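Chain IDs A, B and C follow the sequence of writing; residue 1 opens each chain.
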Amino acid sequence: MDLAFAVFLQVATGVATLLIISLGLAVIFGMMRVINLAHGEFLMLGAYSAIISVRAGLNIWLAMLVVAPIVVGAIGAAVERVLIRGLYGRVLDTMLATWGLSLALIGIVTMIFGDSVSGFSAPLGSIAIGGYRSSSYGLFLIGAAIVLLCGTWAVLRLTPAGLIARGTMQNAEMAAALGVSPGRVYAATFTAGAAISGLAGALIAPFSGVVPTMGTLYIARAFITVLTGGAAMLAGTLSASALLGSVSTLGTYFTTPVLGEVIMLVVAVLLLRLLPQGITGRFFRRAL
Amino acid sequence: MIRRFPWAEIVVALLLAAISAWALPRLLPLYLLINATIYVSMAVLALSLAFVWGFGGILCFGQTAFFGLGGYTYAVAALNLTGTSWAVPIAVAVPALFAALLGYLMFFGRVGNIYVGVITFAVTLILFNFANSTAGAQWHIGAAPLGGFNGIPSTPPLNVPGEPGNALAPEEIFGVAAISLALSYVICKLLLHSRFGRAAVAVKENETRAELLGYDVRLYKLGVFAIGGAIAGLAGMLFANCVFVSPTMFSLFYAAQVIIWVMVGGLGTLVGPMLGAIVLQMLTAWAGTLKDVSPNLILGVILMAAVLVIPRGILPTATEAAARLGRRGAAR
Amino acid sequence: MTALLATENLSMHFGGVRAVNGVSLAIAEGELRCLIGPNGAGKSTFFKCLTGQYKPTAGRIRFRGRDVTGYDSFAIARLGVGIKTQVPSLFDGLDVMESVLLALRRRHNEAIARSRALAVLDRLGIAALVRHEVGRLGHGQRQLVELAMVVAPEPDLIILDEPTAGMSVEETARTAELIRELNRRHAIVVVEHDMQFIRAIAKTVTVFHQGYVLMEDSAERVLADPRVRDVYLGKAVGPAGPEQP
């Protein structure tokens, strides 16, 4: 019984992690149809912002939950202005440009901080479930995933800004005819997506280790999740995280972490053969 | 635009390969010759993507998946079998089959082109992570240790076919590489001239129209993708012969480089990307000597610049400019 | 006698929208049939079901009695159906000859394909364009190149989606003439909403309205029918006609 619960907790943590690292990508892709190949590096920058703030003596929660999203959001805003803005509607070029950005960011961070692994430990201790110990940080991650998901939903669904964003996503020309500036909506969306990614990077930093190339460990998973999710960005990311997170955590549990990732990719590709439009292309079509 | 049989191209390619296979080993010191072999293997890799992307219209961001797979397959087969005679065809066949399987899942699922890009990107990345994680004695295939981050330093060099003890010298391996490049190019040219190739180009030009004319678009894409996988596997085998196989072969750094070679050399040409590979490799090697600048940064800046400045590649842009000048001249 | 092409209760729903709703019709060998209706009547969706671009939600499509429901486009084309889309769908990077050869080479060797291609281009009056790159041609010529690709393999049935879209009155008249000419050798289904064009062709007409078949009759009677006028002027008309008495 305790074992079952411990495994369940493990799976839930896996799902939550996947959701956290994919959400920023999903927002940018879902709202703007921009595939941001530098997503992994946004995670990495979030982790670096957090660790540098902690080393400078800042409270660890402030560093993770406030500094990281603000810094990466600001970087995202700059990137949107310089690189993305001229390429809207050119999906391939955007992908290639963000790929270049990804490599450049790895290069810059390596030149400044070196390529050795650093890290900080999970800020919470562990809890006992019967005979098994589990990290309380995992529970915190589950909570964070729920808050992030509900927060994004609420912003899009319940606020005037969210309505403008959804309208622009549906029909940019119509929105422009109504006096909305699509350019500003895109800029804001990209910034928000980047901020979420920065937060995600800081949240995973305690157990992933912080290296310039840490993005490459997560980006494949994030892409597969968003792709598998399909058109509806929140429902899609949630359902795909739930499915693929469970598969990869169980795969990891029985084999190794990397094989867990391989199994997840295989499941995702097979799933794509069955549901080419992603999960939400078939189910929950009206969802957000 | 008359489609004549590409005699001239074939003859020139084979002649150039024969001349350089004879001359370069006599002209270059050994370390430069080995570098040249690496460049040629990279040119084969560039050719594979030039074919898949430029003529099949398939957005493959992970051509390195087949490149690395070719290298690893070669090393594992060569270490398990006596000699490399069979390792070479296996190193071409395995990536081709892998490409066919992946292609089947993607194209028969009618996955959109952008998603093909993302999936291939993820595949090479995951193979990279996987190959990196195979450190330790428990990770081996037969007699071949996979070696994790370090790869397989004991990758054996090619031997004379059928004579396992008789390994080729680096000079001869360069010759093999040069002739492989020329033959791959000739094969691509012949394919593009054939019924299959013309239909594949039609699919690239307009998928809907090709389908409405009765062509099974999925099969053509699958064919192009598998052939591209085979050529990339060959490139990996050649690369493994000059260095040794390691997870880097799957890395996004290499994956991005191939894309850049094709873009800078010109999408929709075969020669451009091959030249692009060789010239940019030389530049990268030179940039590698700059101590304080990360190669990732240089590559990233080149990629961004390539997108922003020359979205269609240098060769087509240059050709078009020349043609425009020519027309203007003729109009006068 | 089996119809060349028949649909039985064909329906295509998108979520809650019933774009095509239980359409049954039969096209005979050698027939020339017009499918008309105002915008949103379901003609184009019906067209895409026939050509395999959409998989119908319910109902059957038969070609010479053979069930081809859910076939992919290429499989339908291989049965001997030529399909012309509304916006010309062409190989812009190839020249005119190469384009037509692509339509023929799947079945014929190079020499035969070439002579047939020339014959078709001649028949459509664009033989002079063989070496021209398709992407550089004008709108009217592009329409003809696409038609050449469709006609070249001698299909038993040709399906045309709004062939006169964007054409002047004069061009429309010429296209109608061309279609009547093609009809001597092929059965033709034309999806249209231009009434002038229907008048010029003057054969059996099927009228679509809100996904139903409103009526099916000769051109004169359809054009004279008050219900059809109401439909085109936007008055609400319930489903009626021979299919739904």
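The working rule: contacts are C-beta pairs under 8 Å (C-beta built on N, C-alpha and C of every residue); 3 or more make two chains touch, one makes a residue touch a chain.
The structure presented is a predicted model; accordingly, all values stated were derived computationally and were not measured.
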For chain C, the least number of touch steps when starting out from chain A: 2
Per Cα centroids, the chain farthest from chain B: C
Comparison of B-C and A-B by number of C-beta pairs in contact, larger one: A-B
Geometric centre distance via CA averages, chain C-chain A, whole Å: 47
Centre-to-centre distance between chain C and chain B (centres being mean Cα positions), rounded to whole Å: 44
Mean-CA-position distance for chain B and chain A (Å): 32
Footprint of chain B on chain C - complex, ascending: 51, 53, 72-75, 77-78, 83, 85, 89-95, 98, 101-103, 105-106, 131, 133, 146, 149, 153
Partner chain C, residues of chain B touching it in the complex: 1-3, 195, 198-199, 201-202, 205-206, 208-217
Contacting residues of chain A [partner chain B, same complex]: 35, 37, 83, 86-87, 90-93, 95-97, 99-108, 110-111, 216-217, 219-220, 223-224, 227, 256-259, 261-262, 265, 269-270, 272-274, 276
List of chain B residues in touch with chain A within their complex: 59, 61, 102, 105-106, 108-111, 114-115, 117-119, 121-123, 125-126, 128-130, 132-133, 252-253, 256, 259, 263, 292-308, 311
